[in-house]
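First chain A sits with chain B, and in the next complex the same chain sits with chain C.
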Partner chain A sequence: MPTNTKPKLAVWKFASCDGCQLSLLDCEDELLAVAGAVEIANFPEATRALTKGPYDLSLVEGSITTSHDAERIQKVRKMSKYLITIGACATAGGIQALRNFANVTDYTNYVYASPQYIETLHKSTPIGYHVHVDFELRGCPINKMQLVEVLSAFLNGRKPNTPAYGVCVECKLKGTSCVMVAQGTPCMGPVTHAGCGAICPTFDRGCYGCFGPKETANTISLSEQFHKSGVTDEQLIRAYRSFNAGSDTFRKEGDAHERQ
Partner chain B sequence: MKGNRLIKVDYLARVEGEGSLYVKIKDNKVEDVKFKIFEPPRFFEAFLRGREYKEAPDITARICGICPIAYQMGAVTAMEQALGMKVDGQLRALRRLIYCGEWIESHVLHVYMLHAPDFLGYEDAIQMAKDYPEAVQRGLRLKKVGNDLMTIVGGREIHPINVRVGGFYKAPDKAKFKAIAEELKWARDAAVETVKFVTTLKFPDFERDYEFVALRHPDEYPLFEGRLVSNQGLDIEIKDYEQHFAEEHAKHSHALHSVLKARGAYFVGPLARYSLNYDRLTPLAQQVAKEAGLGETCNNPFKSIIVRSVEVVWACEEALRIINEYEKPDKPYVEATPRAATGCGCSEAPRGICYHRYRLDDSGIILDAKIVPPTSQNQKTIEGDLAEFVPKHLELSDEKLTWQCEQAVRNYDPCISCATHFLKLEIVRE
Partner chain C sequence: MLEPVVEIEQQVTFKQEQLQTLFTVLQKRDYQLVGPTIRDGAIAYDELNSTADLPVGWTDEQDAGRYRLASRKDAAYFGYVVGPHSWKKFLYPPVLSLWKANLQKGEVVVAPEAAEAPKYALIGVRSCELHAIAIQDKIFLQGEYTDPVYKARREKAFIVAVNCVTTGGTCFCVSMKTGPKATCGFDLALTEVIDGQRHYFVAESGSVLGAEVLAEITKQQATAEEQQDAKDLMEKAAKKMGRQLDTTGIYELLYRNVECARWENVAGRCLTCTNCTMVCPTCFCMTVVDTTDLTGQNAERTRHWDSCFTLDFSYIHGGSIRNSPKSRYRQWMTHKLAAWQDQFGTSGCVGCGRCITWCPVGIDITEEARAIRAGDKSDKATMAIKEH
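Now for the complex of A and B:
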């Protein structure tokens, strides 16, 4: 009898916009090849078919915002040999982590006519806050070619080649002139993790940090530069509090300006 | 007892987001139908307060990774109304172009990857690809054309970065469209093939007398402008939306149900758009619709897969027209001057109208926000469909009935991530 030795892939969703898992379906040129290399064992956005765990590789999208999800992620971890988070929600709590700076009861009362029907946690937290994560892929949304690289790396037992340097390096590699130097446009590129391919500066706008902080980001220096170009504290706080508001580096820098 | 059944789908597949379905059958009668959205709430309207008007397109895009342009267009048109701005000419055309990209990408994803497998009895498109390799590959290439259009105009396919209040950060050079224009000609023909392909599917005989609601523009198939009209006499300006529609909060759902205050449940999306705007389609789109056996209106929600495919033909033609007439504008955006005001916008997301309202202070800070996504507007109609569909198909096994109920929900291409403020299937036969 033939045995199925393909690694089992599972895709899990928590609080999110579905964009990062859509990235897998957006790999139009690679999708059938990926589907041939793995057994898609659990991917509800794409298939009704469901194979029980354990799974060799779990991709996790979304953040933890309910007590039910806090329990569910523990089960996902137990069933998964490797667990990779995809995107800013899973890696930093996502835009929905803006509640962490407010009172969620006020939020519920504002949005819902019958807030008593809504069950939610006070904070939106990244997956790494709850369970061990083997690899975090950044971005809001993730870059699909980086996703293919990460899948290929894990399936072949090697380290993914996803550079941890900043967006500035990507601009230099592309030959895009610096929007901050040349146009005076505030740009978060110097503190932001590479991966998108420095799209915003290519389109004459400053980076807005959707890949979250790079390693050893000098946010203090960037904030000074923002102030010099006329950015107010309120605008600065908003810049740090967006899609990666819950990341330590951005949270601390935003908080520092609130206190001043 | 044989006449009592419970059909449950705890986690509905091939929809965007998390939802479930619950149908309770007692003495061969449907006693209860609930289409539940359990996607956890993310509170966009709450945290938009205190943000600047210019942040709204980037933030609201994150409501949905499948239709970010729908949200961006709703947000920018609302802000522009508030700030008294007019965006026209090539900038307006570029907006229509990127929106065509989103329609193609989202519709083709649904037609080939989420919906067609139901009709052909496959769990997913990848299994379907083994028996229908040409169709699935055509779908993938067609979807890619939509994504490529979004990338050229918007910088990337998911959460494009180039849309701003007043226009764009950068207008693309004409030369950027050269390759895609050729591919779009292939796409237009492939879309016609798609209509022919889906016409061969078997459709349940199921029609209801819906109230269709869609935008209607004086001379174009609608995307983000026009009046809100229905087939039962509604004809209002976008700004009067809240006078005519209300949101209700059902206990079983994290989504708010929308109703027409006067008449209750209504229907948004491709069927509504098509039935209210048939005369605005291109001659080719009308012709392929006719050849597919569609009338000028369509009341069978299972046939939404044909209508979606017709809309892809239209979107390819519209994109080609825009590209042929494109001249790079001198300035990529119209300047905005903040002022205290309220503005409304409405855009035709691939799955139906999406309404936005924002109140701004004099420095352009958002004081109040309201966003009504398409799936929460269809939720009541989806439950109505199930209540009528199930009693007619009680002879089916639980397994088959469950699958058909799922298919009936997928007719609406529900985007549950959007609707949260939302789905699982449960059929109880008691």
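Now for the complex of A and C:
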């Protein structure tokens, strides 16, 4: 394939930890194939080479937490034919969306020696709140094989296989014994989007929901079950307010226990 | 392979040490032994090398949404009931690559068929599980379209059944007429008896191959007393079923209660997590996933177990037809206990209790059926759908 016909890929970073971008670099076996299939036009984490837009595909990591970023994402959208968000920050606001439940000034006063220099928005919002997103890839961080799948799908003009059912499906396909049933360990797998391959139950612990809510997640019933196994409202709030605290489903469930 | 009922041979007994001989005899015949072993806090089914891999001295305590390992006072090999796995994982693998292809000079070339089917000896198959295998035989081996993967594995499989002398908190095989004694569909059937100092197996063969294997083990003719002991144990077990399901007119009951308040009630609890269908030994639904690699030169088709609890399961052009959890739970239960009869002429439930134990919120199919029956107000005579 001549270089000039390769699709141009850009990777963008907003408020995030870089973990999702690193997943791309972590695709050791596939990295050469990725580099062969696309022109990496903008990827500051990996290369200093920059190619001007427009881009065929933009991968966006991170959430919007400053007014500068709120403007920047508009520009990215304008320069990108397809825009895919990668990870919990870009998709749900990330762990930094915890500020949405508090007063951000309290945090800046607490954390920074000179808080007067900090300019930040009161809320951390997902990319989809600001611009049209063509596809969302879940996870904190994303699963590298899912990223390769999404890129392959994009390059071959097909639908990515990233099912929206729960972690339990992957857990069962692997043959793991349910940690909820066999050990009484609270597990968020039944309300959490698949994609990780049920890593946590495989290592004998409960899922803590890093892929965010699955399709038709019944958090009310799961919370009741957690209550029965001795989980307190305070712990429930913490469970729902982590990396995907900003997702509608988890936010509502967490809030419901605050009022009790 | 399930053969037409063979004259069940005279019962014999062998000492517990001979169980290892049985394993060795099967291994010499190139069988990969698979059966119960302790894994992540439960008695799972996995590859076995020797009797040391069996859950010796362990049992399980089960209730709705709850499973715990517990130690026994004796050294029983098969002193537990059924666990999170079923034999379908060996005969109908959860994830399977169907074919791979690549592009060569613009032509799609399909790679040669995968390796030969494994030759399994299933160790410790319970009566309800024999019935579940017979049900899956109907699904995969009868009619116009058969499943070659299932067929190859099934035909090769050697089945060592174990009669239940311990019953689980969620078992209801007596209601479903599927146990606790294995009556057919096995090569060998064992009853484990621990009587004071004596620890032995009462064995019978159910196929010619089973008889051949049994011939290689040191054994004696079972005495009348030994046979009676084994029988008593099973009878005692049958009286201790953890659950019951009244199957009288269940087909008509479910069909005439397509709309009833209980579905909303259960949907409030159901997580649509799919666990009940994944652990069920008869559920057979699968989906097919096509992928390409980054270069677009290689493609693969994989199939994996699917469940009527996912939205994609009922996706047809434009959307899912079972959007509500209510419609999904209703599909599962109605399929198991009613629609299955239209489809395969048998119930889809063998009463193993797995769906009850392994439901994270403890939804119990027997309790749901009872509630639907209690709320059933329809005129049974006029509404019966079966006589269409």
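Rule of thumb we're sticking to: the second predicted complex is superposed on the first by the 257 of 260 C-alpha atoms of A that agree within 3 Å, B and C clash if a C-alpha of one lies under 4 Å from a C-alpha of the other, contacts with A are read in each partner's own complex, and residues count from 1 in each chain.
The rule is short, and it goes like this: a residue touches a chain if its C-beta (ideal position, glycine included) is under 8 Å from a C-beta of that chain, and two chains touch if they have at least 3 such contacts.
Fair warning: this is a prediction, and the values are worked out from it, not measured in the lab.
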| item | value |
| --- | --- |
| First, second, both or neither for A:204, with chain B first and chain C second | both |
| Partner chain in contact with A:112 - chain B first, chain C second, else both or neither | first |
| Which superposed partner A:100 touches (first chain B, second chain C, both, neither) | neither |
| Which superposed partner A:13 touches (first chain B, second chain C, both, neither) | first |
| Comparing the two partners chain B and chain C, which touches a greater set of residues in chain A | B |
| First, second, both or neither for A:242, with chain B first and chain C second | first |
| Those residues of chain A which chain B touches in one complex and chain C touches in the other | 204 |
| Of chain A, residues touching chain B in the complex | 13-20, 22-23, 25-26, 28-29, 31-32, 35, 40, 44-49, 65-66, 69, 94-96, 98-99, 102, 104, 106-108, 110-114, 117-118, 120, 124, 140-141, 196, 199-200, 202-205, 208, 210, 235, 238, 242-243 |
| Residue ranges of chain C touching chain A (in the complex, touch as defined) | 39-42, 44, 65-69, 83-85, 89, 94-95, 268-275, 278-279, 289-296, 304-305, 307, 309-312, 323, 325, 357-362 |
| Parts of chain B lying in touch with chain A, wherever the complex brings them together | 11-18, 39-47, 49, 51-52, 55, 58-59, 62-66, 68, 109, 113-114, 123-127, 129, 136-137, 140-141, 143-144, 147, 155-159, 161-162, 164, 168-170, 247-251, 254, 256, 332, 403, 406, 415, 417, 421 |
| Residues of chain A defined as touching chain C within the complex | 30, 33-34, 36-37, 148-149, 151-153, 155-156, 158, 161, 163-166, 168-169, 172-184, 187, 189-191, 204, 215-218, 220-222, 224-225 |
